[in-house]
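Just so it is clear, A, B, C, D and E label the chains in written order, and each chain counts residues from 1 on its own.
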Amino acid sequence: MLEPISVSLESLNLITLSPMLIAIVGALLILVIDLFKDTLDKTLYVMLTMLILFIDIGATYSLNINERGFFDLLLADGLSVVSQLIILLASLFFVPLALTASNKRFHEYAYPEYFALFLFMVAGFQFMVSTDNLILIFVGLETASLSLYTLIAMHNTRGAHEAAVKYFTMGALAAGFFLMGSVAIYALTGSVELYEIAKILQSQGADESALMLPMMGGVVLMLVAVGFKVSLFPFHMWTPDVYEGSSAPMAGYMSIVPKLAMVVVAMRIFGIYINLDIEAVSYLIIIIAVITMTLSNMMALVQKDVKRMLAYSSISHAGFVMAALALGTTKANSSIFLYYAMFMVTNLGAFAMLWISQHKKKHFDERYDHPFEKFSGMISVSPMAAVIMGIFMLSLAGVPPFSLFWGKLYLISSVVDFAVATAETKYIVLAILMVLNSAIAAYYYLKLVVYMFLKAPLASDTVVYANQSRPLNVVIGVLAMVTITSIFYVQPLLEFITYLVSSSGY
Amino acid sequence: MENLVYIALFAPLAGSLFAALFGMSKKNIITGIVTSTLIFISFVASAILFSHVMTVGPVHVRMMDWIMAGDMLIPFGFLVDQISVTMMTVVTLVSTVVHIYSNGYMDHDKSFNRFFSYLSAFVFSMMVLVMSDNFLGLFIGWEGVGVCSWLLIGFWYHKEDVSREVNPSISPSWAANEAFIMNRIADLGMLVGIFILYWNVGSLQYDVVFAALPNLSDGILVAAAVALFIGAMGKSAQFPLHTWLTDAMEGPTPVSALIHAATMVTAGVFLVIRANPLYSMEAVHWVSYFIAALGTFVAVFAASMALVNRDLKRIIAFSTLSQLGYMFAAAGLGAYWIALFHLAAHAFFKALLFLGAGNVMHAMDGELDIFKMGGLKKVMRWTYLYMGVASLALSGIGIAGIGFAGYFSKDAIIEVAFNEHTYVLWTILVLTAGLTAFYSFRQVFLTFHGNERYHALGIHPHEMYGYVLVALSPLAILAVVAGFYKDWFEHFVTKLLPEYHMSEHTHHIAWILGLLVIAFAVGGIVLAYIKYNRGLKRNEKLERSFVYRLLSNQYYIPIFYEKTISKPYAALSRFSWGTVDQKVVDATVDGIGKFIKTTGDTTRKIQTGNLSDYLRWMAGGALLLVAIAFVAFKLSQGAH
Amino acid sequence: MDGILTILLFFPLLAGLLGFVVNKDSIRAYGIAVASIEFLLSLWLWMSFDVTHAGFQFVENIPLVSDFGISYYVGVDGISLFIIIMATLMTLIGIIALNIKKDIKNLIITLLFLEVAMVGVFISLDAILFYLFWEFSLVPMLYIIGAWGGERRLYAAIKFFLYTFTGSLIMLVGMLYVAYVYHSVSGSWSFAITDWYALILPLDVEKWLFWAFFLGFAIKVPMFPFHTWLPYAHGQAPTVGSVILAAVLLKMGTYGFIRFSLPMFPDASVLYITPVAILAIIMIIYTAMVAYAQEDMKQTIAYSSVSHMGVIIIGTFAMNAEGITGSVFLMLSHGIVSGALFLLVGSIYDRRHTKLMSEFGGLASVMPKYAVIYGIMLMASVGLPLTIGFVGEYLSLAGFYKISPIMTVLAGTSIILGAVYMLNLYKRSFFGPVTHEANATLNDLDGKELAALVPLVLIVVWLGVYPKPVLVPIDNSVKALTSFMHEKAQTRVAKATIVVSKKNKEMK
Amino acid sequence: MVMIAFYFFAVLITLLFLVTVMSKNVLYAMTSLAAGMVLISGLFFILGADFLGAVQLIVYVGAVMALYSFAMMFFDMSKDVKEKNGSAATVFVLGGAIALMLVVVFSAPVIGQGVSSLYPEAAGATNPQAVGLVLFTKYLVPFEVAAVMLLVAMISGIILAGKKMDASLSTTEEEIPEMTQGGEK
Amino acid sequence: MIGLGHYLILSGILFSIGLVGVLRRKNLLMLFFATEIMLNAVNIAFAAISNHYHDMAGQMFAFFVIAVAASEVAVGLGLLVILYKKYGTLDLDAYTVMRG
């Protein structure tokens, strides 16, 4: 007979579960409400979702750092807190975009389940980042991904279906690689918990070269899965198609939240190797990051559609982030979060601006929804919108003083610091490659600015700003303000992030 | 005295600015009167200063600081000593005459006011040039006269460019640009000279520099001397930078008289005289000798071209060139005061000659070809007289201590050449004296004597206005009598300039030498009389001969410059622009952009839209990662 | 007055934002008023500036991102003071001379924002702040060229933006490198350049940092072979754009050399005098030739700008107070003169809608006032003494003579070649008979144009005759700079090359 | 004995799965997939993971395959499927290379030999008991998340296959006052 | 004796078979079959390692993988239903509108 196990409630440290629990309960609440009365307006759900997210943010913010809960399964360290906050904030900006028009304007918003699924997805991502157990990471990842596939498909256009199925299939393959990577690590160390794995590897450090092969095998397999989610070359191929097929805000959301969640996971997994000074891993990541940013930049350069361009650009941003990730210094890791925080406001804003001009039937073009031509002469048609979009583009290009400049500055600074500290010219080359890529990137962002500001407007009835609405304006206005005034809050933000990241030992 | 210095200096500027106020309006005689008066005031001030310098000594004023940077301190300082006061007096005197003359000469020109503005500005610049107490101040004047010369040569800017065959100067604006650019080439040399002095002495004040010369190494002295002389070569139109001077005759004749005969072109000589402590240094001996040799060469070279020229003003211009050669010969040989004396004397008779030519031109409705004139003495008595006197002075006619101005100054130079045992130079100079006499009188006879060829052109010549003729009289008088003040002048300037004494031997045979020169001069005149007194008999065969064509085409030097410098420069410029800049430099930049774009277009094709391909890329990517991991592993191994 | 720099910096920003409210018929007057106030403010700055003091004045230091050592750290010294005044002046002049009807409101507001960036660059004493304004200045300029430019404006605008952007990003890497070195030496982050000055870097680090900064500055200057964006930018930009581009934006590059490269990397600067000077000489001679080959008046002036910037570079790398003071002064004079020349070309373009020299000829007869002002500016441009152009050119060349006489002679060909293309331009457009019918009836400069140009003419003459009020403050700061460099230099070559002025020695 | 069983299962599973992958007939493919999964549960039993074997049988063979069969019927795919497989070589080279890589990686030494198990099978407990013990203590949270995931899957399935998706609101035109460009002058 | 290596290699081979299926299948339904193979292959490995270390985590992992696989099937088939209903084919060559 088995001994009964007694577990004290305190030792579970349930508070660490609270953020995810709030999201899940919120989702269930929405489902229940829908169950009772199915004629309720979506505004209710939007507001409910926002409230839940607010509470969630509060709960996350009030977490004590570096606590574990639930048999050490949950980990509320700085990384998880800061990434959850960014995820939740991005979600908070994303949800009100649903208010853009009446219930029947867009297919997905007609479902209350949309919001439930959204909250489930958020919970999934939260689980992903607040654990260092590969099992929970995987389950959280799949929960979030499955919701995301559905959310994309619910847009219910041909593009959305195609996008969902592409994303889904590639995601399944990536899941296979993730699992195979886990197998490799598990086989090597006998554990699926990263902190244990780190300990074991460290203790075995002596004859590390003998282990190089299985270790690198695990890293490579994991990197395929990570590469898929954060869209590194050549696992990025879903990105432009899926972004194009999904609704614009969803695309913007996808360019931040899933990537950030996966970056945190990558930080946890590859951090082990990097902390062990296994340089091969750093080099591997850096090389693939450089290839990613360069090629995606070049491809972005030749896009005809703004949304696709932004998709490629977000791939290149991911390359940037991964390059910093490979350094493993506190500054590099902090810079990643700063980067994402800054990227979030800008990129969400940019995609939301696309949303304004998204139309159901009046496709601008046989092929594209948002070709550059559509934005011709926007300055004379809708000056405020053009200015704001221009600011977002400049911010993406890294022109000071807009938000992403600070992210870029700090990120490149971390690379340069690393180069000086290690006295390795390689990293200076990396920094230069990164800035050269920024310069290439500037071209395509500028291309949109040029279209908006410097070209003559098209004949008047071809462009419909059908989605312009007050909630949208408010969201975009807030995002624009945050983008412009970044110089004033960089300091506290940086302080906060650095504190969180460094206190959890990254 | 300080006030007088400022009056002498700024009166012309005031005149210029006054005239400039009316620059764009119709002719206003007041501008002419005001400017002339102001220049005359300047002359008076200069004359008083002259006597002051003579009796009391030099005046040195320092108006204000100009440039101060690092250790460099350049003030606006003015030094009125024997050299500068001589120049001031000569310049203002000639200027006064030219101003008055211009009132008459320019009276039909619609840009009358503008002309006086430029002319007075020139006088101001020239005064700055001669009065400055430092090299950079001299450079201000140097460049200033250059600009005024540019403005005045190009005064009739509206004339069209014509081919070199029709008008060797192409057009006034062309000639102006040529003059400016050629001067600029020399100015660079001058600037370099200034730099050399500054960095080795630490100052550009004349007194400081000259005091420091003995401490400088030979190389630096030579470099400075050469660089400064290059500057002088440009302004004084020495070979090979001489072509601009004859082309400068496109300007109105008073301009030619003032700038391109009497004053500006002598600035180079002035510089050498001013910098005499430098050129007297033993280390720069060879440079000085080179100056003398070049001067001698230019003397004969210019005279030879004058022999066949048909253009009244160009003949005089060549003669100016030739006389500048004389001056350099004197300066180079160390006889600075003689050079200065010749400079002054030359200013009087050459200005007179030019102004006389201006009268002729005025009478002939702008016609300058002496082959088309003849017999003008009947209608233009006074002009004939003036030009005759000036030509006699130029030819250096005189005997036994009595003679025209040129006799004293030029003879002295020839004597110096003999005295220095530079017999080759001496020979050439003597020969040149003969040539000078010949071409001067060829021109006089062809213009004033013989048959009246102008009737064919339907021109009715008339004499110049009376007041103009009166105004010319001081020059005529000076051309006659200036020589008598030689000893007095020597006494005056050698307080500052090194004395120059003929050796005993030279002194003894001086009268023979003088006679020889006179013989050549008279011979030239006689030859000219024989050939041209009765009128023009053209010798077709001679005119077709190689030598004649060589001379009349100025040794083909302008064409040579055009073919070897201007045109290749233009072609090279077009090449730089069309090929290098656009097809290489810019194309590289655009090429990088295109390369990135092309790569993007190519890479983009992997994005086929087909899920199957994507999945394969993913699997392939896994293998790629393996490969990269291998590379990374090797890299990390290599690092340790 | 302590906050004057902040007022100077943010006044146009505020005015620009408020400008959105102003009716578009009144916006030009608004622009002139704002620019005048800004100009007066900058004059006030000069009035309250202590000319005997060589260091930074009106310093304000407010931390912005204290964890990363970025602060709002501003101040002026003699070197930057006059460039700021010139920037405000040229903005004012540019707005006065504005002859554009299309979207004038946007244009004025953009110009005011550009003014913020320009002032910001020159007052920043924090590298990141400097970089911030440096980059931000591209945006309004991009808009000005792209929106109001000629036929190929988009190409020109994008080329301008990307070229400079790329260069400055490399410079940013250099800045971050220095910052980290500072951090590892002192333990705290700082981007304050006064802190950086104190940093003594190892020689090989200096070397590569020098080139990193060089690239950023050289593209902006623009130095050969990075100059090809400039002719396009000038060729396509509207008049006001060209004026500000030539007058102020190019100066950012040369200013950067003096503010960053020289004091931070004295050894590397001395070490690389020869390659830099060779580039500068190529720039002087080659672009002068290219300028001569142009058919388009504006292109000639654009290339002449490049050529003159070469002389500025030569002066900067003279490593003595004469040369550096000269190059700073030449920046001012080039700004005024080329700005005026672009204005002049703009006026004729407004009348005839062409800038080709072959279309003109005989303009001097038709437009005498125009010809006179053009002539004065032309003479200033070729460096005639007693005009503003001479002082700087002379001092720059004189300074560089100390380094290399031969290279000075080569660089000095600038005065010959400059005369060649400028006089050629003048002759072809202004002299000769009036060949085109359309030119015969052209109006001379009107009041607006004269209001813009006459002040410049006066400045050209005033500073040519009496440059002392400007030269002395510049010189004081430059002397402090050279003696600082001399002290900081580590190699013997550098110590020997950097000349400390005697007067400065005495002062100590 | 174990060895024979292992090889028997291994070979059979491999063959069956090859059929799944290569067959043109959906029915064959699906049947062989189901059979392979059944055999895999055999491997689980060999490995002493009885609970896992049972779950494998129930979930995979029972639920998943049933779902697939329904889907197959829905899609009407009893006929052979025509597929254009352009570059078979690429596929097999890629698959082979990955296989090689995995084999190489997995044949390398395992370091965890000396590592003591973190969650050892409780002494004396049967496998399902042990599983229960771990699942409801340590892995309670993932278990609950899995529940959420299944809920998500259910909702997704219902929504995606539901009638509401038939007509897309995102593409049909309906009465919305549009703010066209230039409408707000 | 059958060691861990045997199982792992079997797992690897099965994984690759699944991968080949994923890569070569154009029919989405049959492609999904192949993904199931991959997941199953992983499960064998987990079970084997779990057995090797006597550690329950591997079995847990395998258990959750099965759960995930089931969920994926639900969502995946849902997607296929839409595709089939709307466009009448499951051939993925038909879904290449978005490209470039």
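Quick note on the criterion: a residue touches a chain if its C-beta (ideal position, glycine included) is under 8 Å from a C-beta of that chain, and two chains touch if they have at least 3 such contacts.
Just so we're clear, the structure is a prediction, and the values are computed from it rather than from any experiment.
Chemist: Would you mind checking the shortest number of contact hops between chain C and chain D?
Modeler: Step count on the best path from chain C to chain D: 2.
Chemist: Tell me which chains count as touching both chain A and chain E.
Modeler: Both-contact set = B, D.
Chemist: Quick one: which pair of chains has the most contacts?
Modeler: D-E
Chemist: Would you mind checking which chain's C-alpha centre is most distant from the centre of chain E?
Modeler: Ranked by distance of C-alpha centres from chain E, the top chain is B.
Chemist: Please identify the chain lying most centrally, where each chain is represented by the average of its Cα atoms.
Modeler: Centre-most chain by C-alpha means: C.
Chemist: Among the chains, which one keeps its Cα centre farthest from the Cα centre of chain A?
Modeler: Of all the other chains, the one whose centre lies farthest from chain A is B.
Chemist: Can you check how far apart chain A and chain D are, centre to centre, with Cα atoms defining each centre and the answer in Å?
Modeler: Taking the mean C-alpha position of each chain, the two centres sit 26 Å apart.
Chemist: Take the average of all CA coordinates in chain B, do the same for chain E, and state the distance between these two points in whole angstrom.
Modeler: Averaging C-alpha atoms per chain gives centres 95 Å apart.
Chemist: If you average the Cα atoms of chain A and of chain C to get two centres, how far apart are those centres in Å?
Modeler: Those two chain centres are 43 Å apart.
Chemist: So what's the Cα centroid distance for chain B and chain C, whole Å?
Modeler: 36
Chemist: Two or more other chains in contact with one residue: find those residues in chain D.
Modeler: Within chain D, residues 90-91, 94-95, 98, 101-102, 105-106, 110, 112, 115, 117-118, 133, 138-139, 142, 146, 149, 152-153, 156, 159-160, 165 contact more than one other chain.
Chemist: When you check chain E against every other chain, which residues touch at least two of them?
Modeler: In chain E, residues 4, 8, 11, 15, 18-19, 22-26, 32, 45, 52-53, 55, 57, 60, 64, 67-68, 71-72, 75, 78-80, 82, 92-93, 95, 97-100 touch at least two other chains, as defined above.
Chemist: Among the residues of chain A, pick out those that touch two or more other chains and give their numbers.
Modeler: As it turns out, chain A has residues touching two or more other chains at 135, 139, 142, 146, 149-150, 153, 165-166, 169, 173, 180, 187, 190-191, 193, 220, 240-241, 303, 443.
Chemist: Chain pairs that touch, all of them, please.
Modeler: In this structure, the chains touch in these pairs: A-B, A-C, A-D, A-E, B-C, B-D, B-E, D-E.
Chemist: Could you please specify the touching residues of chain A with respect to chain E in the complex?
Modeler: Those in contact with chain E are residues 134-135, 138-139, 142, 146, 149-150, 153, 158-159, 161-166, 168-169, 172-173, 175-176, 179-180, 182-183, 186-187, 190-193, 240-241, 244-245, 303-304, 308, 367.
Chemist: Quick check: in the complex, which residue numbers of chain E touch chain B?
Modeler: 19, 22-26, 92-93, 95-100
Chemist: Going by the contact rule at the top, pick out the chain A residues touching chain D in the complex.
Modeler: The contact residues of chain A facing chain D are 1-2, 5, 7, 17, 24, 31, 70-71, 73-74, 101-102, 104-108, 110-111, 113, 116-117, 120, 123-124, 127, 133, 135-136, 139-140, 142-143, 146-147, 149-150, 153-157, 160, 180, 184, 187-191, 193, 196, 200, 204, 210-211, 213-214, 217-218, 220, 247, 360-361, 381-382, 460-461, 463-466, 468.
Chemist: Note which residues of chain B are touching chain A in the complex, please.
Modeler: Going by the criterion above, the answer is residues 593, 596-597, 599-601, 603-604, 606-607, 609, 611, 613-615, 617-622, 624-626, 628-629, 631-633, 635-636, 639.
Chemist: Give every residue of chain A touching chain C within the complex, in rising order.
Modeler: So the residues of chain A touching chain C come out as 379-380, 394, 397-401, 405-406, 409-410, 412-413, 416-417, 419-421, 428, 431-432, 435-436, 438-439, 442-443, 446-447, 449-450, 453-455, 487, 490-491, 494-495, 498.
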